[in-house]
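Structures given as structure tokens follow.
One chain, chain A, links the two complexes that follow: it is found with chain B in the first and with chain C in the second.
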Partner chain A sequence: MVKLLRSDFRRLWRSKLFYLGITAVAASVAFGLINNVHYKRIMLNLEIPIDNILFLGTLVIGFAIAIFTSFFVGTEYSDGTMRSKVVVGHNRSMIYLSHFLTTTFAAVFMMVIGTAVIVVVGIPWMGSFVTSCTILLPQILCCLLSIVALNAMILLLAMLIPSKAICAIVCLVLVMVMTNMISPTLWSKLEADPIIPEMSYTDSEGVVHTQPEQPNPHYATGTTRTILQLCYDMLPTAQMYQYGYDKIPKNIHLFPLYSVLFIGVLSTVGACAFRRRDLK
Partner chain B sequence: MMKLLRAGFRRTCKNLLFWLGLGAALLCGVIAALLTRASGYLDDMVILPFFIILAAVISLMIGTEHSDGAMRNKIISGHTKGNVFLSQLIVYLVFAFVAAALYLGAFSIFMIGHVGAFPTYALIVSAIGFLLVSLSYTVILATLSMMISQKAVSAVICLLLVVATVLSIYAIDDALAQREFIYMEIEMGECSYTINEPNPRYIGGAARRTMEFIRNIIPYGPTLQYMDMVSPAFRPWDVTLTLSAEEANLLAILPMYSITESALIGAIGWLCFRKKELK
Partner chain C sequence: MEYVLTTSALSKKYRNFEALKDMTMHIPKGSIYGFVGRNGAGKTTLIRVICGLQEPTSGEYTLYGISNKDRRIAKSRHRMGAVVETPSIYLDMTAEDNLKQQALVLGLPSYERIPEILKLVGLENTGKKKARHFSLGMKQRLGIAVALIGNPDFIVLDEPINGLDPQGIVEVRELILKLNHEHGITVLISSHILGELSKLATHYGFIEKGHVVKEISAAELEAVCRRCIKVEVSDTKALIRVLDRMKKDYEVISDTQANIYGVVVLSELVLALAEEKCDLLASHEQDENLETYFINLVGGGENG
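Let's turn to the complex of A and B:
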């Protein structure tokens, strides 16, 4: 295991893609920070504390992880390294674990650099944190755990799809769908008002029509709402979506539990499937 | 050239990815229609997957030509690089055309009975415009894939390019949507004040014209503009008898942008591919 980890980390430090990923996350976070400050503080004259944009990196880290992890593992397949590791007697579960630890480190490192950019550039501009350290630190840890959960999902796909190109496309499309389609849809379903307020309008003939207050047919209730809420709190991209916007997520206390469950289930499934996989 | 085209079409038709791409385009059209029927609003999120399919299929298929050595073999057997590029471009343009036609066909069939009163010519020109936008995307994606020999790298770059076009158009649209003046009415007891001050976010003059030009050049820009224009047609209770002069003008010029852009990028790609070293 130590040998596997040593070789994977050595490859990681030499990987240009890793540094490219760090640069891309840092650059997009810096752009987001400048955009936020310029728009909200200068244009709208709003005072926004740095706490509100601390997790800006969560909106882009998914794409960086999808590309990095699929390439990192895909190269092992295309170069035959994966097969060589098995041939020299390494346990497949250990290979999986070693990849999990290496890519998790890379993903967390990218996020830490992104957050550091916000802190270093943002504090002189926007002042220090408003929230106390005891609240902020657990939030940061929860966010990092969500990133690990997302990486576990991407790694599962990367370990099971030997073609680097197909794997990269599948991972990227999955992250796009989860981040830009599923998460906003869940948010809009859960945040819909239960009641449509009374409305009145005047038509072209001057007659005033009044529509009384009525229940919103799109408001999810009962089991549907519970399932939607569970998905919204459990999916790593939905968690990251909640961190990426201004306020503290409502069910943040449940996030670590869900993330750990997510990581445990996906890693176990991935390791079992990888053990049965025919490495040609 | 004819041999290249024949070989290209034969290889493409035997490729599972080609049929998967067409199937996915058809499915996207059906889903887009169902979502539009449910909401009465044509959201651009129902069109984006189509462009992602184009990016994935084109980059993977051209990438396979590179990795299998088929591209190099064509050169060795005496075909010029310019002809190889052109034949590939034509094959993928036909693929994109068929995929876009399937998407539009499925969308139209499932929208029958859910269209309000709307000028027919606007719907037809917008549909043609969408086909041209798909061809523009195809030229860009095929050129990129031909220039990047590594399949995985080209696939990622093509997908990210599609996302980048979407994000850049959102940013440009947001900037152009700002009003020139901020108008506010404030009531304080019996007195009321009206504030009408210049909006600092408004972009005017040459900068606005440049941004409008960029919006028309990036293929996703015309797509959004066509969608905004025809969106009221998919609300059966809405009645639109004529388009505004600005909309009619857009319908006339947007296809020109797509055609010019496709021709220009195709020509640049052709020139660059002729100088490319195929290892």
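Let's turn to the complex of A and C:
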């Protein structure tokens, strides 16, 4: 295992894609920071603390992970070097684990750099943190765990789809759908008001029509609400979505548990599937 | 005889297609084992199976006497290297970096063998050139170098000369011979370029439709393929006397038939036989080589 890790980390430090990923995350975060501050502080005259945008990187890191992990692992397939490891007797589960640890390190490193950009650029501009360290630090750790969970999902695909290009496309589309469609949909369903308030309007003849207060048919209740909430709290992209939008997530205390479960299940499934896979 | 690899009733099925059927083969230690078969005969499948890339559906194989069902097989794999189909090299790395990468995978304590291996495969002067920019022959040799870095005593080469230019073919051939003769490495080499294989192999395994139809040593094959005249005579005892007198190499194959090896002047033979009151009833020239032997063995009707 140590041999595989040393080999994978050597490749990581020499990977242009890794440095490109760091640069892309840092640049996107810097752009997001400037845009956010400019819009809210200058256009809307709103004072926003740096705490609110600390996790801005979560909105882009998913895409960086999708590209980096699929290419990093895909290269092993396209260059045939995955075979070299198996031929000399390395256990496939260990190969999987080594890739998991290496790509996880890369993903976390990218996020840390992105967050560092916010801290370094943001503090002189917006002032220091309002939230205390004891609250902020667990949040940061939970956020990093979500990133690890997302990487576990991408890695599963990367280890099972031998084509680098197809895998990158699948991962990108998946992250895009999960981040930009599933997460906002879950949010809107869970945040919907249970009651549609009373509404009045006057028609062209001056008659006032009143629609009484009524229950919102789209408001999820019972089991549906539980499932939606579970998805919203468990999916790594949904967790990251919650970190990225100005608020402390409601069920943040459950996030680490869900992330660890997510990582455990996906990695076990991935390693088992990889072990049974016929390599070419 | 000591064998590096043996397979016993090895089978591999892909859904409804049986790529290997009860395959049994033996690779002697120190040999260059030429694995001959048409395209799709199962050569690469067997190589994938013995390299651990795919699991056999049934049967077993042993590597240095250790069965694939034994957990210790992983350890015996440390003693082998392989180039399966395309060379396993990182294209965005130099030759030296590729070897360093594989040295780490193997957990080698130092990189001190790298210059020696690069020299052995003739890539010592490639400097900072990335493998992506190597010629096909150079990539192939780098693939072999990667397979050699762990100091294996068995290497598996799947179609190593496919697509190479004449110069590349000569380079790879000389490298394989050098590895076998000077370093005592056992080589399993699959190819359907029989002319090239005949310049290398000490043993052959002929595969057809996932089954090894014949295993034969190069010496035995040479004996079978020697240029000879098959003659049919009325009295083989008289023929033997004549051939002994003429100092010819021969083999009596039945009461009336014999193979005479080397150049035979038929008129001299007929006269000599006549003196012994023996008639020459028929003669056929036989000139087999690896190609014709293979075709005769597997039948040339089907297109590969």
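Please note the rule applied: the second predicted complex is superposed on the first by the 280 of 280 C-alpha atoms of A that agree within 3 Å, B and C clash if a C-alpha of one lies under 4 Å from a C-alpha of the other, contacts with A are read in each partner's own complex, and residues count from 1 in each chain.
Criterion: a residue touches a chain if its C-beta (ideal position, glycine included) is under 8 Å from a C-beta of that chain, and two chains touch if they have at least 3 such contacts.
Keep in mind the model is a prediction, meaning the values are calculated, not measured.
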(request) In the superposition on chain A, see if there is space for chain B and chain C together, and answer fit or clash. (result) fit
(message) Just to be sure I read the superposition right, which of the two partners does A:K164 touch: chain B = first, chain C = second, or both, or neither?
(response) first
(message) I'd like to know which partner A:N251 touches here: chain B for first, chain C for second, both or neither.
(response) neither
(request) Using the superposition on chain A described above, determine whether A:M181 touches chain B (first), chain C (second), both, or neither. (result) first
(request) Have a look at where A:G80 lands relative to chain B and chain C in the superposition and call it first, second, both or neither. (result) second
(message) So in the superposed three-chain picture, is A:L172 touching just chain B, just chain C, both, or none of them (first/second/both/neither)?
(response) first
(request) Decide which partner touches more residues of chain A, taking chain B and chain C as the two options. (result) C
(message) Under the stated touch criterion, which partner chain does A:I67 make contact with: chain B (first), chain C (second), both, or neither?
(response) first
(request) Quick one: minimum Cα-Cα distance, chain B versus chain C, in the superposed arrangement, integer Å. (result) 10
(message) Counting contacts the way the document defines them, which residues of chain A are shared by the two interfaces, the one with chain B and the one with chain C?
(response) none
(message) For the complex, give me every residue of chain B touching chain A.
(response) 45, 52, 56, 59-60, 63, 151-152, 154-156, 159-160, 163, 200-201
(request) Enumerate the contact residues on chain C facing chain A in the complex. (result) 14, 48, 51-55, 73-78, 80-82, 84-93, 97, 100-102, 104-107, 146-147, 150
(message) If we count contacts the way the header does, which residues on chain A are in touch with chain B in the complex?
(response) 39, 43, 63, 67, 70-71, 74, 164-166, 168-169, 172-173, 176, 180-181
(message) Residue numbers of chain A touching chain C in their complex, please.
(response) 2-4, 6-7, 10-11, 14, 16, 75, 79-91, 276, 278-280
